[in-house]
Structure formats: C-alpha cells, structure tokens
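Shared between the two complexes below is chain A, which has chain B as its partner in the first and chain C in the second.
Right after this comes the complex of A and B.
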C-alpha cells in the first residue's frame, strides 16, 4: 500500500460574504494552483467536494471550473466533520490504487443548512447546537467542579491565537471578563463560547508517495486515521461530559500511526464551543479526565500554541465543510515550519480532531513530516 | 396508528418491537435490532432528569425513560438531577416534536 501525502493546499480568509457556494469553492482551489504552478492538473484523477450546501453535482462542477477531467468526482457530507471524512475518502482512493492524486475541496456559506440536524427529533424543540453545548457545559462543570470563568479561558486563548492567523474571521482578543459578559445565550453558554458559522473555503491535494515527492519539497504524510460514529442523535451520548467517539477515533489513529499521544507536537481540536476543547483533550489522552482545563491553563500561562494554533473554530470561524480541511492545512503548515507567528518549535508530528453533531461522530488524523 | 399521529394528538407512546420486545428509540417503522414490527405502548410514563440548563425563564432537560428513551423537554419548575417527571404536554409543531415535563 502506498503512503499518502499532502502535495499542496490552498486556503482563503473566512468571512461573512454572501458568495455562491461554487464561487467560494473555487477561491481556495485557485489559491492552491496559483501557489503551486508546478502541479500538472492532468494527473488529478479524483475531485471530492466537502459541503453541507444543498447545491447538487458540485464535484463535477468544481472539476469543470478548474479545467480538470477526473475519473471520479462527487460530494461528501457529514455535517461538521465532512472535511476530514473527505480526506479519509481521498486517502482510501489513493491507498487502494484507484487514484494517484485527489483534490479535496471544502466550502460552506454562513447560512449552511448543516447547522441544524432536523432529523434529531429526540431533541424536541431544542435542535440548535447551543442546547447540546449547554447540556455538555453544565454536565462538565458539575462533574469536574469547573467554573464558567475557567471555561472562558478556551475562548480567550483561541481568539489570541486567531489574531496570528490571516485567514481567521476574528481579529480581536478578549479577556475572561469579556467572555463572561458577552451575550448570555443560555445559563451555561455565552456568545464568545461559540464558534461562528461563516463563509469559507479550503482545499488540499493528496497524492501517492511517488507523486507527492515529485510535487512537494516538504512532504507531509497521513500516518494515522481513526473514525467512530456512536449514534446520530445527541441524546444517545452515553455521557454528557466525555466524548466516546473521539476517544475511540483517537486511539485508532494513534495505533495506526504507531505512536503515543505524548509524541504529538501540535493539534487542531474541534472547539465548536468552549467546553468541547477540554473534553476533546481528555478523550484523546492529552489530559486525564477532568484535567483538560488544567492543560489549557498551562498552555496559556506559557504562551504555547500547541493546541489550536490557528485559533480553533472559535477564533477562525466554522465554515462546516471547510473546517476539517482548514485544520489539516494548519497542521501541514506547522510540520513544514510555515506557520509564521503561530509556529510550534520543531513540530514533527501533528493531530487533527474533527467531529459532528455533539460528538456523535469523530475523525482523527495523525500527520508526520 | 403511528408514533407521530399519536404525538400530534398530544399522546406520548413508547414504541416496542412485537417480536423481541425491545424499546425502539427514536421511533421507526421496524425494530432496529430484529426488524420486527412495532407496537405502541400507551401509559403515564415516569422519566428521570439526567441533566438540564436554562434559557431565559425556561429550563430544558434531558429526560430518560426505561433507561432507553431520552428526550429534551421543557420544564417550568426548577429541575433537579434524578427527579422523576412525567410528560405534561407534547406534540409536533412545524415538523419538530416538542415535549414538556413536570
């Protein structure tokens, strides 16, 4: 089985622009090929589009817009982890020998229909994500005696990181008081605890080992993949203060990469809401149960960018179908030492954690240089 | 008679498989374990509050029935974890289920 590498990427600033999905998709693809004129588009034999948008036939549309005639072109949707699911599909196409080079492009509009899972009637009238996030926050705070001031640190840290990310939607930094005093959405959630749905696009080009080495001077390899879906409905979560699917996906990815969590130098974590970051750190093994905030406090005190260097979803914005791809691009930049002021020293191995619908489904990738 | 037609009339029923007696949640036409047909149990079911939060003046809770069915429901009184509650109001509005417990 061939190794699968990242040959190139393209990304443009996240915004609240009222662009057509096709226009948005094309932006990051254009960015990718303009930055990498050495890439021969004739070699691309698969085009995958990651989005929750309702427009049809986006794979072939994007292929036509970018003057690519692939063997295979189609869309992939899995709510918020559509992006990494698309990367896993691309990996599978290449590893199986069905494709040599796959363009994975994710895009979303600020008004994405993927924000609400209409099917999940067990949530009653409380279908908006702020309600499951409030239940997670309440349960996590109670179980581990965590205050809302402590949780607010996630937002403070990630907005600070986002300030160094030219593609992030947020350009401001906030204090703990700012977060606590921001609009009260529920008893357990403030506006600044939430990631912001936005318009955005990110594209990545995966290829076989031979082609990756041909087109990239600093290849990054996907060495571990883990996925787990425990349910579709929020209320089926066995616990509201831990993430079972993330735990299983993380272990699977680390096993495949043959490494331990202590060998991960930098990670992108799916902080859809503040509470998700400590819960994910615990699920992945970065922290013991209940000690995720302790890890975050230590990182903040030492000004380390190890967790969510691009600002996470809270600081960068959350264009659903593009998020997992943007996270993977950040880790690629880190491993290539191209992350500028966000750079984690000597990062050799990184992890991407991307999840959907209240952690009912998770995807974890391990990347190495 | 389907779960939804009963819910529309304000009746919360428990879907159970005729063949293997498994409670099936969320409600579907066939059992998710053995694919047997579903019957609806009527009753004044008692649930337990697992977790809750509050938006403005209304509480919203996760309530569990028979250690199998979990729903999110509105509650006007202050909830307590582990408290027993019953469904006082339910139905379908704009395509979405709604539940209230007391």
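Right after this comes the complex of A and C.
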C-alpha cells in the first residue's frame, strides 16, 4: 500500500470576521497555492470540505473557485472532529488507489450551528458544550483532587503559546489569577477556561508517496490513524473524568504507527476547555490517570516536548471544521522545522488528538518526517 | 486489493411523513438488521450518513441508535449525489484497509434544504432546480428536434415501473396526455416531468471480500467507480443538452470494471426531470447524441434491459440523501434476482448513475454479481 503524505498546506489568521463560508474556505486554499506554486491543480482529484456550516454543495463550489475539476467533491461533518475525519477520509481515497491527491479544506464562521448540541436530549436544557465541560471539570477535580488554580495553567500556557502563532485569535497572555477571576460561566468554568468560537480556515493537501515526494521538499507522512465513536449523547460516557474514545483511538494510531507514546515529540491536543487537556493526556498515555496536570507542569521549562505549541483551541480559537486541519498543519510545521519560535527541538514524530462532543468520538493521527 | 461487496441493505417506503431526520434514518437501518439477523454489529467499523439535513453529528447519533460503536462516523453532503458519494467513500475505507464493514445510511425529509440552490448566484432569482431543468429541456428539444410528447414518455414509463416498487411514493400510472396536461411549472416543464421531494431512507452495508462472503449468500460486487465534478454553477456547463460530468464518470467506471456499456443489463439513471434520462443515456454511451428517447422507446417492449426499473426518481420520489443508496439497492436486488415483478431477465451487471445540480457533478457505479 502506498504511503500517504502531506504535500502542502495553507492557513490564514483566525478571526471574528463576518465572511461568507465560501470566502473563508477559499482563503486558506489561496494561501496554499500561493506558497506552493509548483502544485499542479490537474493532479488534485478529490476535494473534501470540512465544516458544520449549513450551506450545501461546498465541495464543488470550492473546486470551482480554486479552478479544480476533481473526481470527488463533498462536505464532511462530525462537529469538532470534522477536520480530522476529513483527513482520514482523504487518506483512504489515496491508500485505496481511488485518488492521487486530495485537497482537504476546513472552514467555519463564528456563529457555527455546530456549537449548539440541539440533538442531545440527555442534556436537557443544557445544549451548549459548556455544560458537559462543567460536569467534566467538577468530576475530574473531585476524583483527582485537582484545584481550579491547577487547571487554570492550561489556559495560561496555551494563551502564552498562541502569542507565537501568527494565525491565533488570542494575542494576550494571562496569569492564573486572570483565569480564576475571568467571568464565571458555571460553577466550575471560567470564560478563560473555554476555547473561543471564531471564523477560520485551514487547508491541507494529501498525496500518494510518489506525488508527495514530487511536490514537497520536506515530506511528512501519516503513519498512524485511530478513530473511535462510543456514543453521541454524553451521558452514555462510562466516566466523566476520562476519555474512553480518545484512549481507544490513541492506542489504534500508535499500533498502526508501530511506536510508543514516549516516541512522540510534539502533540496537538483538543483543549476545547481547560480540563480536556489533562484528560486527553491521560487517555493517550502521556500521563497516568490523574497526573495530566503534573505532566503539563513538568513540561513548563523544557523545549524537548510540547503540548499545543500553536496555543491549542483555547489560544488559537476554535473554528470547528478548520480545527483538526489546523492541528495537523502545526504538527507538519514542527516536523519540517518551520515552526519558528514555537519549534520543538528535533521533532521527528508528532501526534494530533481531536474529538467531538464530550469525547463521544475521537480521532488520533501520528505524523512522521 | 480486496474486492468490496454489498453484504446487506435496508429500505423503507418513501413518503411525505413529517419524521425527525434521526427517526427516518433509523427506519432503513432497522429494516436492514431485521432482514439480516446474521450481521454482527461489532464488525461494523464505519458509519456514514448521507443527507442534506442541517442536523449535526448524525453519524454518531445513528451509531448510538443502532447499537454500533464504530471507529469512524460522520455525515457526507453533495446535494442529490450524496448517497453515491458516500458509497464511494465507504469503498475507499474498505479498499484502503482502514475498515472491514461500512454502514452507509441516507435519509432526507420532504422539506430538505438541499432543494434550493441558494449558493449559485449565476441562477439569479431562479434558485429552484426546475429552472436549470427548463433550460435543459428547451435546449435538448431544440437541438435534437424532440417534442414535449416524446419526453413525456420518461414520466409515463417511470410511473408505470414505480407501481411494481413497494417503496415508491407514486402508486398511479399516467398517459402521455396526463403528463402534457399536468400543471405547467415553466414554459418547458410540467409537474409530472419532475421528481417529487419526499421523506425517505435507504441503507447499505459494504464490506471487504472476506466479510461479504461470510454474511451474504448472493454477494454483489462494486467493480467500477467513476466520479467527476466539472463546476458548481450550472452556467459553467459547456452545453445545456449534454452531461459532461456523467460522460467522464461513466467512462471511468466502465474502464475500472473492464467492460463495455453493451455489457450492462440494467441501469438506474438520475431522472430528476424527464429530460435528464435521455441526456444521461447519451452521456453514458447507451445512446448516440440525440437518440436517448429512441432508446427508451425501443426498450418499451423488452425485458432484457431496463432503465429505472424501480421507477426512477420521478416514480419513486427523490429524498436527496437516500436516492443514490436506493438506486444501488435496486441494482443489487436485480443482480440477486430479488426484484420480483421489476426483474430484468438474467441480470449479471448493472449501472448506477447519480448526479447533482444540473450534472455539475456525477457518480457512476458498476455492480456485478
């Protein structure tokens, strides 16, 4: 089976712009082609759009805007996980031989309909994700005796990282006190514990081994893929302080990549809310149960391993359909030593963790240079 | 590479029911499992939902309703072509080795937002598909000297076929005069020339060669796949009386299946409007340019080759996301000799043609027993 590589990417600043979805989508595609004039559009035979936007036929619309006449073009939606699901789908088109080169383009508007979980009646009146995040925070703090101040470090770190990411929506740094004193949304959640809905776009071009080597001087390969859906309603989670779907997806991805978690040099973790970062680190095996915050604290003074170097969702902003693609671009830049001040020393292998709706589904990718 | 087969299917009557999309989706999945109790749900590792509905996270929702915990679950949208695009995506998951068995489930409500082409500014005020269909009809009739009466035969035939399809929305037969005298929607289009938006659901289970043989006594294989997107806006079509994307998709599918069009015994053709059927027959090579209606007339008295035996979109109804899956189920039933009064004699190889938005994109599948 052919290896699947990342031949190019494009990304533009996340914002609160009121762009039409087509306009926003096209921004990162334009950026991709401007940075990679060597790419031959005739080779692109699939266009996948990742979004929660209600507009229809965005695949063919984007293809027409980008002057591509692909075989396949459609949209993919799975809430926050849409971007990584689209990358896995692109991988399957190439690995199966149906496609040589796939453009995966994600975009969202700040007012995305994917932010309200209308469908989950188990949430009662609490259809906004902050309610599951509150329950997770309360449960996690209680189970592992973690304080509000400790959890606040996630937000402090990720806002600090985001300052070095020119595409991040946040430009400010905050102290632990700033987080604790920010607006109280629920008993267990402050405003600065939350990722911000925003407008954003990110695009990635995947290709077969041959084509990737032809178009990219520093190819990055997708060596591991893991996905798991445990349910849709979050009350079906077996626990509110662990992420079962992320655990299974992570193990599957590491098995496929034939490596251990200790061989990962840099990771993008889905931190929609502060508590998600330690919980995901534990699910993926970076930390023992309850020790995710300890890991984060220990990493504060090292440059050998970084979690969420681009600032995570909390610092970068969270344009749902674009998030998984932006995460994958960050790891690609790290492995290509193109991450500037965010650069991890000698990064050879990176991991992307993305998930939807209280980790009822997760996708994990392992990337290698 | 493993062959990909159809291990099972489920389909329920198309209607004007006001069901929630989740309820409708689940109907055909329930039907699939009731008819195939031998299917082990633990083997299903991907769930793809084909729909234009605006509800989010339907992949995981359907998985939870059906008691499946897949790796991958998401929704796919490409207007009318969504169902066949989803089947091709399922094929790629299996052929790439990422999945063993994929449930593809399509559903739509009668009030689908996919019916209004909000995005195509080239349509001016005419955002409903009847306007491109009118232009196609006018152009086709003028170019090939075809009369309104001749085109009406498509509707007469497909309504007649639908009478033998227990899942079709239409239960009536009509004469050429009935079609001509039905409500005039535009200068070139009568009500009975149009497929009817409706509520409907259809599900199909694709699997690797090994698993298909394990679960199905009469396996049907997907031997050819062709897809092409030429644009999104229909005014970019190079002609209004031919279907370029269908032509390319058809050739690709036949090449992959290593067969000629004369080896196809039965075909499902996307007849959203009467004129689409002869145009598609010409694009696919069943007829010479301008002779699609001649082919349809010649086939009236034979049982050796049938076009749209289930009644097409005009007779069956057109629940967008379910249509491509329902078409594929019809060909499967034909190849399994399970089509009852609709059965074509000795059908060994069948073709599915689906398309979106004035044939700006098309998908063609070749199925073999």
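Just so it is clear, the second predicted complex is superposed on the first by the 364 of 369 C-alpha atoms of A that agree within 3 Å, B and C clash if a C-alpha of one lies under 4 Å from a C-alpha of the other, contacts with A are read in each partner's own complex, and residues count from 1 in each chain.
Please note the rule applied: a residue touches a chain if its C-beta (ideal position, glycine included) is under 8 Å from a C-beta of that chain, and two chains touch if they have at least 3 such contacts.
Since the structure is predicted, the reported quantities are computational estimates derived from the model, not experimental observations.
Student: Is A:230 touching anything from chain B or chain C once the two structures are fitted on A? First, second, both or neither.
Tutor: second
Student: Touching A:56, do we find chain B (first), chain C (second), both, or neither?
Tutor: A:56 contacts chain C only, not chain B.
Student: On the superposed three-chain arrangement, identify whether chain B or chain C touches more chain A residues.
Tutor: C
Student: After superposition on the shared chain, which partner residues are touched by A:71: those of chain B (first), chain C (second), both, or neither?
Tutor: After superposing on A, A:71 lies in contact with chain C but is clear of chain B.
Student: On chain A, what residues does chain B touch that chain C touches as well?
Tutor: The answer is residues 118, 233, 236 of chain A.
Student: Could you please specify the touching residues of chain A with respect to chain B in the complex?
Tutor: My answer: residues 118, 120-127, 131, 134-135, 137-139, 185-189, 233-236, 240.
Student: Sort out for me which residues of chain B touch chain A in the complex.
Tutor: 25-26, 50-55, 60, 62, 70-74, 93, 95-99
Student: Which of the residues in chain C come into contact with chain A in the complex?
Tutor: Touch residues, chain C against chain A: 1, 22, 47, 52, 54-61, 63-64, 69-79, 81-82, 85, 88-89, 91-99, 113-114, 117-119, 225-233, 236, 249, 252, 356-357, 360-361.
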